[in-house]
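Heads up, there are several structures right after this.
Presented sequentially are two complexes of subunit A, the first with subunit B as partner and the second with subunit C.
Moving on to the complex of A and B:
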């Protein structure tokens, strides 16, 4: 939950602001959880909508038995490899396209075609090519993350302040060195924005692929629990993967702010 | 001294964006002596910034030549340093890292880089801010860093593009005086672009007035102010006021709409 300013909490003493903001941020979620608790078993049958307490017990159980961790590890491995590849390819391609017209002309049509396709729709194709398991999940995560990373790198690298480039040139920087000493540092904040946008997309793609094309991972666990009619277990797995995704986004934002202290 | 003179002959610059051609500069010839401080004023859009960037080697001439110390220029070079109006500091580098950049590119050792940079940082009253990033500095401080960065790699020629245009009056005045001290101490050739007639006359030894676009040299006003005086004495002196008025009148003719016969 990002909060750039303290808003109306500005009137409070500074040391209370943070704690108060934390509480205020979580109030909507708390309200929904409380309503959910009351609705479950009254307005909606409890086996269709298990109560938060039941789900929490289920999560505690999952964590206690440790059963979930091997699946979580598999999912995170796929997430990491898929996202990592998309960063490696996307940054190079994005900067390449921005700085070289032939590269731009060559890849432009593919990006335009890939852009409107829901990447999740590629899961059956990925299965056809790579079977079931890590292969299709990595491929779908990779493809889903590629566009935000390419687009952010491409736009930023093509839009580097002319005067910065000239400044470097007048001090003797030439050729590839301009890329390393000016274009890349100027592009880094935007590359990080692309990665930040890609993280939730990666989780969407990951779980979607695992629902269909995997016998391991959190997506598989969600589907399996649903198929045997254990809806509280299904909810527990959904909550776990949501929390993990949230933790990654938040962790990444904190890390990013420490890396690019100069922005 | 024979270092840092600029010779411009029959310079022409046409911008061609494919759809239309815009002639920014036409048949401009002008010589600047080494160690001279020349102000350039002109109506907006007259090509004075283009002129500066052509001298810097950032832009290519369409016709004519620009020579530095008798050698026609070929692209940017470390004999010339530009100070931009928007500072153009590298935001990912600290003050110290910005100022050492040019020395880094020349392969100067780390200790020497730091000690040289420190000298210019101190000269620009930036001591204590070495490890700050540009975003943490005020506009006036950023411009002082930019000047220190340019001085540190010791170009013979300073090309300044309305460097104080974005700053408020007291800050401009103190930076103007700092620049005059530097110019005297370091014996640089300075080409200073401004739209402020008073600034041009206060700083320069000669002012070139440019015509409206396509810009060319309209006239050059030489003058000789007594630099031993302080600011107030200079700007109230008859010579300053007369010079300022003549530059202003000449510029005014270019900014007024043409009189229909």
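Moving on to the complex of A and C:
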């Protein structure tokens, strides 16, 4: 059903087909942007819905003056530290729980209590402990990303092909070496799936923490721009954080496909 | 035999919660001995007492009702539109051409960043929160309903057609059931998302609800209120998760 119009494109020289396909595929977005441009200032006040041109100019301005970079770095630092910690802790816990019953018995109950709580509901608790700023943001990102990473590492480490484990054992591989040479390589693709699931969650947690408990970062900038009535700045920052989130997900998928070649 | 089974169950159960009991006892002891500031970690007994107090006074039930109404009404609206658009995309080439790029761009936006936009457009009341939940939950439902409906075995549709099934019946009897696993997958993403949007909106804009109750605890230096609200949130989370599992088992028995 996809690209039902292929037939009509067949008459074009091959090198134009790709470009034409691209244009045809993205016409709907162009329609939306054009409608938005016309609606802004006519159907709705330009204040309430700044036109795409205004927002683009604002973004260019933010990038040119470098104003946005300090806040963007703060946000990315929180994102990176929170996600990094959750990977470090989550992989160790996930594999540990899958390979050892006492470890599983100890942590399982805490995870089942953490699971039903939407992690952003812990922002106020993080504020009690760590005040306002980077601390609560990192903590909430960490907690939000922890479960998908634990789940994926746990399931994968529990499902390692027993034939691989037996072969390795038969050839004298035991204990730590078995873990390092057999279990972890077999688990890595699933850990990467967990990280892939965690990235969008991390951005939601990050922005939530910055809206509620921060005086820095893109989330704070969005809220502040809205409060002082600078709506084109508010939309510009939303576009920037969305583009960054999109770039991370896409970049991660490309990197993963290059690195994990053994599945 | 029964006795041994029962004892095994007790052993398994104890093994699975002993760490929690240690944790709770340590919490109470450390807090009672004043090893941590009351503001960081009030004793468990104070938290539980506060939870009971807020429940009996009707505050927690009232704020839970506000939160749940916003989250669930929004979720229902988002789900209905998500299913409609998702199935439409899967069945109609023009709809696919139109909506696919919009979904590609719309789905990855961290929806929570739009809280200030909805405050600007629709104010800080219930209406604004519900619209935002509806729009936020629309994407995962639409994407998963589409993916599921696109994978329908063409032979089912051909067989149904051959037996003279009308368009409407085909939609209800073949396409919709085929899309339902995707719809449930979508709901598993959308349900927590509806709560996330509601909580953050309540924390930022107020207007009651558990998010507002919780952040009020921080602002009035009342840690027991924060902890008590988190207990309520956890209970609601457990209940909704169970409900979704029941729904899945009930409707997807045939999968």
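Rule of thumb we're sticking to: the second predicted complex is superposed on the first by the 232 of 263 C-alpha atoms of A that agree within 3 Å, B and C clash if a C-alpha of one lies under 4 Å from a C-alpha of the other, contacts with A are read in each partner's own complex, and residues count from 1 in each chain.
Basically, contacts are C-beta pairs under 8 Å (C-beta built on N, C-alpha and C of every residue); 3 or more make two chains touch, one makes a residue touch a chain.
Predicted model only: the values in this text are computed from it and were never measured.
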*Using the touch definition from the top, say if A:211 reaches subunit B (first), subunit C (second), both or neither.*
second
*asked:* Per the contact definition in the header, classify A:170: touching subunit B only (first), subunit C only (second), both, or neither.
replied: first
_I'd like to know which partner A:32 touches here: subunit B for first, subunit C for second, both or neither._
second
*After lining up the shared chain so the two structures overlap, which partner does A:226 touch, if you call subunit B first and subunit C second: first, second, both or neither?*
second
*Between subunit B (first) and subunit C (second), which does A:161 come into contact with in this model arrangement: first, second, both, or neither?*
first
*Which partner does A:64 reach: the first (subunit B), the second (subunit C), both, or neither?*
neither
_By the touch definition at the top of the document, which applies to A:43: first (subunit B), second (subunit C), both, or neither?_
neither
*Broader residue contact with subunit A after superposition on the shared chain, subunit B or subunit C*: C
*Scan A:188 for contacts with subunit B and subunit C and give back first, second, both or neither.*
first
*Mind sorting out which residues of subunit A both subunit B and subunit C touch, each in its own complex?*
none
*asked:* List the residues on subunit A that touch subunit B in their complex, please.
replied: 161, 163-164, 166-173, 182, 185-186, 188, 260-263
*Spell out the part of subunit C that touches subunit A in their complex, as residue ranges.*
15-20, 23, 39-40, 90, 93, 96-102, 105, 108-117, 119-121, 150, 192, 195-196, 199-200, 203-204, 210-211, 214-215, 217-218, 223, 226-227, 229-230, 233-234, 237-238, 240-241
*Quick one: in the complex, what on subunit A touches subunit C?*
1-2, 4-5, 24-26, 28-29, 32, 48, 105-110, 113, 115-118, 120-125, 127-129, 200, 203-204, 206-208, 211-212, 218-219, 222-223, 225-227, 231, 234-235, 237-238, 241-242, 245-246, 249
*Would you pull the subunit B residues touching subunit A in the complex into a rising list?*
53, 56-58, 75-78, 80-82, 84, 86, 88, 90-93, 101-102, 105-106, 133-135, 149, 153, 155
